[in-house]
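First up is the structure itself, then whatever we jot down about it.
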Amino acid sequence: MSHLVVRLLNYTPKPIETVYTAARTCYSGNAPSDIWSKRTTEFEMIKLLDKTISSSHHSILEHILFTFSVEGLSRSASHQLVRHRLASFSQQSQRYVEMDDAEFIVPQTFQFTPEAMKIFKETTEQAKIAYKRLRELGIPAEDARFIMPNATTTNIVMSMNFRELWYVSGIRLCRRAQWEIRDLFMRIKSELHSVPELTGLAEYLGPRCETLGYCPEFKSCGYYPIKEKAIGD
Amino acid sequence: MSHLVVRLLNYTPKPIETVYTAARTCYSGNAPSDIWSKRTTEFEMIKLLDKTISSSHHSILEHILFTFSVEGLSRSASHQLVRHRLASFSQQSQRYVEMDDAEFIVPQTFQFTPEAMKIFKETTEQAKIAYKRLRELGIPAEDARFIMPNATTTNIVMSMNFRELWYVSGIRLCRRAQWEIRDLFMRIKSELHSVPELTGLAEYLGPRCETLGYCPEFKSCGYYPIKEKAIGD
Amino acid sequence: MSHLVVRLLNYTPKPIETVYTAARTCYSGNAPSDIWSKRTTEFEMIKLLDKTISSSHHSILEHILFTFSVEGLSRSASHQLVRHRLASFSQQSQRYVEMDDAEFIVPQTFQFTPEAMKIFKETTEQAKIAYKRLRELGIPAEDARFIMPNATTTNIVMSMNFRELWYVSGIRLCRRAQWEIRDLFMRIKSELHSVPELTGLAEYLGPRCETLGYCPEFKSCGYYPIKEKAIGD
Amino acid sequence: MSHLVVRLLNYTPKPIETVYTAARTCYSGNAPSDIWSKRTTEFEMIKLLDKTISSSHHSILEHILFTFSVEGLSRSASHQLVRHRLASFSQQSQRYVEMDDAEFIVPQTFQFTPEAMKIFKETTEQAKIAYKRLRELGIPAEDARFIMPNATTTNIVMSMNFRELWYVSGIRLCRRAQWEIRDLFMRIKSELHSVPELTGLAEYLGPRCETLGYCPEFKSCGYYPIKEKAIGD
């Protein structure tokens, strides 16, 4: 069975310098290229970044773009992922790529119920055999894929600017988020964390409750109290 | 087996008057509300609309929104559809809606190959049985759906402004587009066509070749010649 | 001197029914057109709307579009307004519309300082005279406008869906927002409020502090405490 | 008088490799990170890029972002520029930055008409003096700016992905585009051209007629014939 792999393929270099230059441009008579070349210490830049973000001036975070290789995501999760519209996706096409060697994502809940696991394996194995036979019968790939299950994996190149990455992480890192897409964003955060110049940015990524100071859902997972409880009277 | 149904649920009233007012506002010293209330004959308004569109001033078309009920689309096609980012989608969730009564879209290519059709029916029927058993075993709906095939139908409420509807139709009404999504946009055009005050707008919807004057693909379907052949030297 | 006028020109009819249908489609096995035609009482629909909004399922609010005529806004404010990117604007062009009869917005702060008011009147009057002379000298309108001041008024047809209208109002209705753009959004809210079927929606429009439960700015205006004070330990 | 300066501040490294990886991911069973690390020769990559663009698969171009420092643009042009919504802008604020040392953009048409030039200089000089006096009188900067002319310069940090840069250049590099914004995009193209690894991408930027094969305006500048003339019958 398959496992999700996430790689940070590429990103805007000097990201802190870039958002610092953007932020300073708004409040300065100096030219952006001067601010860029005479930039201050990393400590000062991060201090300004902190202040800018906490005062909701988030648009400056759009100037830095992150590109990820997402490998082995189920089509269930990819259908959900591409609903984020302020991002760019290039996804493996089931119209053009043959599904003969299809792999599948098994949800954890199957792993504790042997009969469920057996059903999962039989159904997905059967789908692969059926797919091959349909192709032999001359059914085009774009139609044969109709019998492939949601568990089938897909690959995606995804780019998001940091404002959107931060916003989406707020939703998808919530403990109540669907487990596979939460896993994806935990790996994304982890990828950023492992690059020294991105560690500071990675720290901003977290569930919305950490930013809001309370849980915005109906029922809290317990990590933060809901709004009504957090804000006394 | 299931069939796609498209209904125009709702739309901005007085659409021609609305885009006329927007277009005139750009080139007039009069207030938009004056232009709106003293608007001219439908003939004159459509003449201006034609002129505005053919000179690429398309942003005026964004002021009118169309909301469709899309019922019985396969998850293959819905995954493709929601990639259009300048639109709003509310889609039936497989995390919350049980798949016990799932229906399936059969591609036409299956219908001429009895063995393929047999495989399709067996595989999809088997998926439904497996889904029910998984639910009985305590697998949550959000995980049991992993074994459901792409052919499974979904419902979507989709809103698009007319600029985007026109742009997307250009791509999706091409004879080389995937058949199910082409069918969807033919039904969308047809829905607009059947409302008297929208017939004029529906006429704008067509494959890109009709607007460009040539086929923008590598190989033409024959309806229009490719660019190199259309534009002589 | 000129005054801002805002008119609700047009909007998606049956807005509550539309967002209700979108919300229910996500969690129901029924077709959207069935939900639409068998919709429940207004009371039940608004209850669902409330629940949906408070659980952050805001995308359903995108299915309803509102079109406003904004008349007599300064070019200072319009430059700021068009920065909202999830909206559609058709603005009076200074390249095509002559500025002979230009009108001007006077900030309130001038009105309590007679010398400032005198300077304002002289400068703007002088600009109009200069503009006319430049046109006589053969300078094209698109270049003559370079000497016109930010105070010059403009007209805009603006369309926003309700999700964006709600988000933007959160920022612009703050007491710390720039006064002219705050005035614009107060008039927008007021326009919605005056239409019986929109009164309920208008109630959602307010500064972000009302939604958050605390002031997200550095310094509060006093209406709500800042986050650190609102959320005890 | 002031002059426009454009600097390419930053961009996604390895841009050709990035879009190549995105394009190949759609049609390959290989993982994006494999495609990325085993990428082929630049010649082969550009060949694929060419093919992908000419078959309208433009979304792959969204994975590379370019950040520019735009210095000394008139507020006339900046108001127009920020209308492009698929871009990120951080602009010098007239609410926070004092206009004491304001500089101005003089359109070329003034330079051949001495009287016009005299009017321009007097009006803009007068505005600066009035601004200073208003500030002394206690008028806040956000209100004093109301008398500043459109010719006043501004600075902007602007980021656009390459798909949007290509689309916007198509409109703004047309000889009929407003001269200042055309100048901006010529400098943008020139900035890209001067970086060896971006020269190939810069070649794609040009007026729409070069892509379409005909002029899409009502009247051609003569560079390309209009559609009716280009496409024979």
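By letter and in written order, the chains are A, B, C and D; residue numbering begins at 1 in each of them.
Convention: a contact is a pair of C-beta atoms (placed from the backbone, for glycine too) under 8 Å apart; a residue touches a chain by one contact, two chains touch by 3 or more.
Predicted, not measured: the structure shown is a model, and the values here were computed from it.
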Quickly list, by label, the chains bordering both subunit A and subunit B. C, D
Inter-copy rotation, subunit A to subunit D, in degrees (Cα atoms; steps of 5): 180
Would you mind pulling out the distance in Å between where the CA atoms of subunit B average out and where those of subunit C do? 30
Return the distance between the CA-based centres of subunit A and subunit C, expressed in whole Å. 32
Multi-chain contacts in subunit D, i.e. residues touching at least two other chains, fall at 89
Touching subunit B in the complex: which residues of subunit C? 5, 7, 9-14, 18, 21-23, 25-33, 36, 59-60, 62-65, 67, 69-72, 88-93, 96-98, 101, 155-157, 159, 161
Sort out for me which residues of subunit D touch subunit C in the complex. 74-76, 78-79, 82-83, 85-86, 89, 94-95, 104-107, 109-110, 113, 115-116, 119-120, 122-124, 126-127, 130, 133-134, 137-140, 142-143, 145-151, 178
Which of the residues in subunit C end up touching subunit A in this complex? 54-56, 171, 212-214, 216-218, 227, 230-232
